[in-house]
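Structures follow.
Two complexes, one shared chain (chain A), two partners (chain B, chain C).
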Partner chain A sequence: MLRYLVRRLLGSIPVLLVASFITFWLVRRAVDPLAKFRHDRDSARVLAEQRKALGLDHPVIVQWWNWLTHFVRGDLGTSTRTRDPVSGMIQHALWPTLQLMFWATIVSVVVALLLGTYSAVKQYSAGDYAVTGLSYLGLAMPDFWFALIAIAVLVTLPTVWFHLNQPILYSVGLHSPGDSGLNLDYFRHLALPVLTLTFGAVASWSRFHRASMLEVLNADYVRTARAKGVPGHQVITRHVLRNALIPFTTVTALDTAFLVSGVIITERIFSIAGMGQGFLSALGAGDAPFLLAWFVIGAVAVIGMNLLADVGYVALDPRIRLS
Partner chain B sequence: MSAPVLLPPRPIDDPDLAPGAAPVARTNWQLFRRRFFRHRLALVSIAALAILMVACYGAPWLAPYKQNAQNLLDGGMGPSAKHWFGTDDLGRDQLSEIMYAGRISLTIGLVVALLSTVVGVAVGAVSGYFGGATDQALSGFTDLFLVLPDLALLAVAVVIFSRSFTSIILVLAALGWMYMARIVRAQVLSLKEKEFVEAARASGASSMRILLRHIIPNCVGTIMVNASLAVAVAISTEAALSFLGVGIQAPQNSWGLMLTGAKSYTTSTSKFYLVLFPGLMLLLTVLAVNFIGDALRDALDPQARH
Partner chain C sequence: MFGALVMLTALSLTLAACGSKTSTTGAGAEPTTAVAAVPNGGTLVVGAEQEPDCLDWLGQCAGSVWGTWIAQIETQPMAFRSVVDGNDIKWEPGAVLAGEPKFVAAPVETITYNINPAAVWSDGVAITCADFQYTAAQQQSGPDIYDRTGYVDIDKVSCPTPKTVVVTYKSGKTFAGWQALFSSGVGILPSHLLKGKDRDKLMKDGYTWSGGPWFAKWNKGQNITLTPNPNYWGAKPHLDKVVFQFETDTSAEFEAFKSGQVDAIYPQPQLDVVDAITQGLPDAHSEYQSKTASVESLYFNLSKFPFNSKAVRQAVGYSIDRDAIVNKLFGPLGVTKAVNSLNPFVVKDYSDPNAWAGYHLDLSKVSSLMTADGWTKGSDGIWVKNGQRAAFTVVTTADNQRRVLTEEVMQPELKAAGFDMTIKNTSADNLFGVMLPGGDYQATIYTASLTGITPGLCSVFCTENIPGPANDNSGQNWSWASIPAADTQMRIVDTSLDDSARRAAGAKADDILADNNAALPLDPLPDILIWSNKVVGPISDNPVEGMFWNIDQWGVKQ
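Then we have the complex of A and B:
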């Protein structure tokens, strides 16, 4: 197992290197580091000076190498937007995003498992049709529109109808000003962003889980278990669910990486100062060092989740041997 | 699929047949039609999409008001007989705006799906059939882009290439063909070992001919299903980009951009319709396309023969 892990980790290094070069090149194209000097009175001379000072007179690959050697030593550079060190900004931005992803993953996994199991066990019942219909809706609904509707229906409407002084659920930030910690206020802020991140994942994961449950339900060993008189619920929990959980783990681990796109939109709508917001402001302000660090962290997270998916697969399924 | 006469009639099990009755021979096209039309929702979806497309592309003739026509006296009015979907603060008729914006959204969906399908099928078929360096390059390339968060990558690419209609289409297609390539490659890998390919090769067919006449026609099912889903993906991705402020720009309009303009109205109960209708159009389109994709998948599945 350890050898497999090491091999996989070593194998992901070239992917990371090339990915970082592509993003470096793209960000260089997207952002003009000399923009603020372009309108100087003496612009020709200043531009030439700055080009040399910033190392822009080298080929892109040399610039990339310089950036990379600093990056791996922990020097993420200084933000051109705020003049703060990027590492500190990332640390600040990472925390709210990790909270969002943590809660969103937990809620989606639990809800998707419940719905998918129910749907498969009661196949073709009214409940199954309702779950399947909702999952179609969840897959087709753009997440930002869902968030806007959720704000209108769950925040604005109750507040107006019942003449409340403050809404039951909040749609801005993760805490009220001056508040912090794991309290009711936190969950009242958390509910809507997590709901936004959750519904799409629940829609696709529950559908997936229903399909893999049905596959196992029709397997011979399940019929055998029933035939030898194992009680119905025990067949489901011991035989069916356990086996259906194997593909489910892989899919959820792989998809968690795709939550990143959802996080950008969710943080934008609910004004949460995390990585998603950080990306958008950096893109708007042409903050190259932050963008580069952002992409590297994103890529590392995706690779990490892929690895976790594979390791989980091997750990859960004794039929798979590493070679 | 459209040459029914040449196919030998073959008896099949027909669930609708009375017991004891002689089985009826059906051509592939008839089978496809039967299985496709069994999906009522897909039929409704086709009708809905057709209406939507006529309404959007016919907007210059059908829309009740001109694009961006302001009428401040009628500003901020809810849905009424005069303005079915209401008006915004500048008095622009929302129904007309949605019809005009739909042209952009639908065109992006269709063109991006077409482009990424053509590129994806070409790359996938070549790399699956020939293997070797092309194949390695394709796998490496797709793995690489799967590692980078897609929405962020698209946003940066759009910033580089300008936010015009054409550049958004090109960027979405350039970053969207890998999925199709992977699927086609997998299918070609299994098809190229089949006897009919061997027979074609034995009778002297060139690689080009084998690919175009024998292998790709056998992938049509997979390709059509995934192309239809690509339409839905492209429409929602464009909407998300516009919503984040890196998509279509005024004076052009898309459903995603309409929602950006309307997002401050979620705190108002009286102007909620400004948020509701553009999103409803997005939902309707994507839902309809998904239903059609599902029906195609069932109808083109060679395993199911009735």
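Then we have the complex of A and C:
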């Protein structure tokens, strides 16, 4: 297993290199790092200085290599927006985002498995139709719209109707001002952003899981197990669910990395100072160093989750051997 | 000074009311809530739509007006403050001064400030002339300065006594807006803490000193928290704490207000804000007014076809129903008329408020102007001259719903008048950082906003401020306008020390620019203030210093 992991990690390096170069090239094309100096009072001198300082007088491939060699040593550059080291900004922003991702993934996986299993086992029942309907709603509804509706319905309305001094659930940040830690206040803040991230993921994953379950439910060995008199719940948990989890693991592992796209909108609406907010601020200000770091971290996350999916196969299916 | 900002602030004449109670009239209206019983203690949470990039107020990263509103004016001593006086806004000496400075115009411009004997920094060290000297030196020759206007021509800052400051200009140089020195956007910095050190490094992430009623602590990404400065020499704040919670999404900000998570908001006048106000805000006060420091306009690039033709610019002015645009944007607030000057209301005395009043939808005028300029209508209904169609592209900030709607309203109107207008929007960074300074556009919509009450359009319309080698490409005349008659008048506004001459010149400049239709003023953007019933105190708008200009006098019901 260790050898396999090392080999996969080494194999990821060329992928990361190519991804980082494409990202670097695209960001360079999209963002002019000198834009904010162009109407400086002493712009000719400042532009010359900055061009040299930023290495823009070199070909793109050289610029990328210089950036990369600094990046791998932990020097992510300096934000052109705040003039803070990007590494510090990323550290600061990563923690709230990881919290959101962690809770959203846990909740999504659990709920999607429950709903998907129920829908498959009770195929064509009223419950199945209800779950299917909700899933389509979840797939169709954009994150930002769902978030605003959720705030209006779950935060504002109860507060106004019941004349509460404070809402039951909050919609601003991860803590009340001056508060911190893993406490009730935290979970009252966390509920809606996690719900927003979860809604779309559950819709997609539960449909996928339902389809996987149905496929396994109709397999010969399941029929055999039933014919042999294995109790129904054992058939589901030991035979069907375990086999259906293999494709589910792949999808969830890959989609978790893509939850980041939902995080961008969710963090903005719920005023959470994470990677998503950082991305939007950097994009608006043309902050190339931050954008580059953000994209590379995204690429690492996708590759990491891929690896995790592969490892997950082995745990779920003893027939699969990592070689 | 009259810089282009991706707007946050705005204007208005009509002061309608929504919510359970409301409002007043006038720029910086009289306080709307009884001043009498303001309780002491408590915490106020305010929604802030923008997080500043840094707190080094002199530096280029400190362009955020929200930073000035929620942290700078609360912590930095200012020689002058912009204060509301009835229906007007005017400069008034700040608490750091012992009174009105002595101003001498000749033989050289000299200003003598007497510092309040009680004025001290939060560490107890007296605020002295050395602080003025340090601030002026930074503004003149310090590194990374956002705007050196008014400081470059200072000959010396001398200190006859520690509490007396004499600013002397170079012979032949004058600065008509001298009240802006050591005031908005700059203030006064503590020499004893910063001299010989890296100012930017010590300030940009926040600072622990104060020369105002509050300390400001910046929790990046979350909030700026104000707590009282116990060593402040003036009246102490009523509140124990003010939290400016960053909330960049306006819709979510409104929900946070309605659900009691924030007690006051000062939202941009965007379409969803207008909707929310018209739908009503329970248990809240709101106020909006259009007498502000900002004007949103359609700017032309006078060096580019087809706007290098005065007739075309005038014809475009007669092709657009500006009142209809304003009505569509702000009609529900009772703001229905377009502005008719490029100068915002707060400097109305230096403008002709009716300069553009003649421009209204009049297609016969369009035909006569275009025909006289040698244009003929093509088969597609678009004007043509020498084989070139009257086609142009308008660019603005893509994420601003209000401006995008403005474009969408203008487009069919212009088509009906024979102009083929294309919309191609971009990011604020690209627009203000690349396209406008580089002259790479034909027409654009943005808001010009005053950061003080210093009048004048020279910085954005005088010939010498067209970006070029002579000004190291730093000029902000992004219209590439070169109208000698207007230049003469605008320079008088900037340099004359005779106030009546400045006022007359300002009005004349407006008229000349209107005749040339160098830009077409559009929206009087309203300032919108919303606060809950639990907030008490003299709450009112200050078009320059924002809603929170006197937050030290606010309180909350316990």
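The rule is short, and it goes like this: the second predicted complex is superposed on the first by the 313 of 323 C-alpha atoms of A that agree within 3 Å, B and C clash if a C-alpha of one lies under 4 Å from a C-alpha of the other, contacts with A are read in each partner's own complex, and residues count from 1 in each chain.
As a convention for this text, a contact is a pair of C-beta atoms (placed from the backbone, for glycine too) under 8 Å apart; a residue touches a chain by one contact, two chains touch by 3 or more.
Note that the structure is predicted; figures quoted are calculated from it, not measured.
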item: First (chain B), second (chain C), both or neither touched by A:R83; value: second
item: First, second, both or neither for A:Y170, with chain B first and chain C second; value: second
item: Chain B versus chain C as contact partner of A:L148, first or second or both or neither; value: both
item: First, second, both or neither for A:A273, with chain B first and chain C second; value: second
item: Contacts of A:A299 with chain B and chain C, given as first, second, both or neither; value: first
item: A:T156 touches, of chain B and chain C: first, second, both or neither?; value: both
item: Which superposed partner A:L291 touches (first chain B, second chain C, both, neither); value: first
item: Common interface positions of chain A, toward chain B and toward chain C; value: 148, 151-152, 155-156, 160, 171, 268-269, 283-284
item: Chain B partner contacts - residues on chain A that touch it in the complex; value: 15-16, 18-19, 22-23, 26-27, 29-30, 136-137, 139-145, 148-149, 151-152, 155-157, 160, 171, 257-258, 260-261, 264-265, 268-269, 279-280, 283-284, 291, 294-295, 298-299, 302-303
item: Touching residues (chain side chain A, partner chain C) in the complex; value: 31-32, 35-36, 38-45, 81-84, 92-93, 96, 147-148, 151-152, 155-156, 159-160, 164-167, 170-173, 177-178, 268-271, 273-274, 277, 281, 283-286
item: Complex interface listing, chain C residues touching chain A; value: 43, 45, 51, 53-54, 60-61, 148, 200, 204-205, 220-223, 225, 243, 245-249, 251-252, 255-256, 258-262, 282, 399, 427-430, 433-434, 437-438, 467, 469, 471-476
item: Contact set on chain B toward chain A in their complex; value: 143-144, 146-153, 155-157, 159-160, 232, 236, 239-240, 243-246, 256, 259, 262-263, 266-269, 272, 275-276, 279, 282-283, 286-287, 290-291
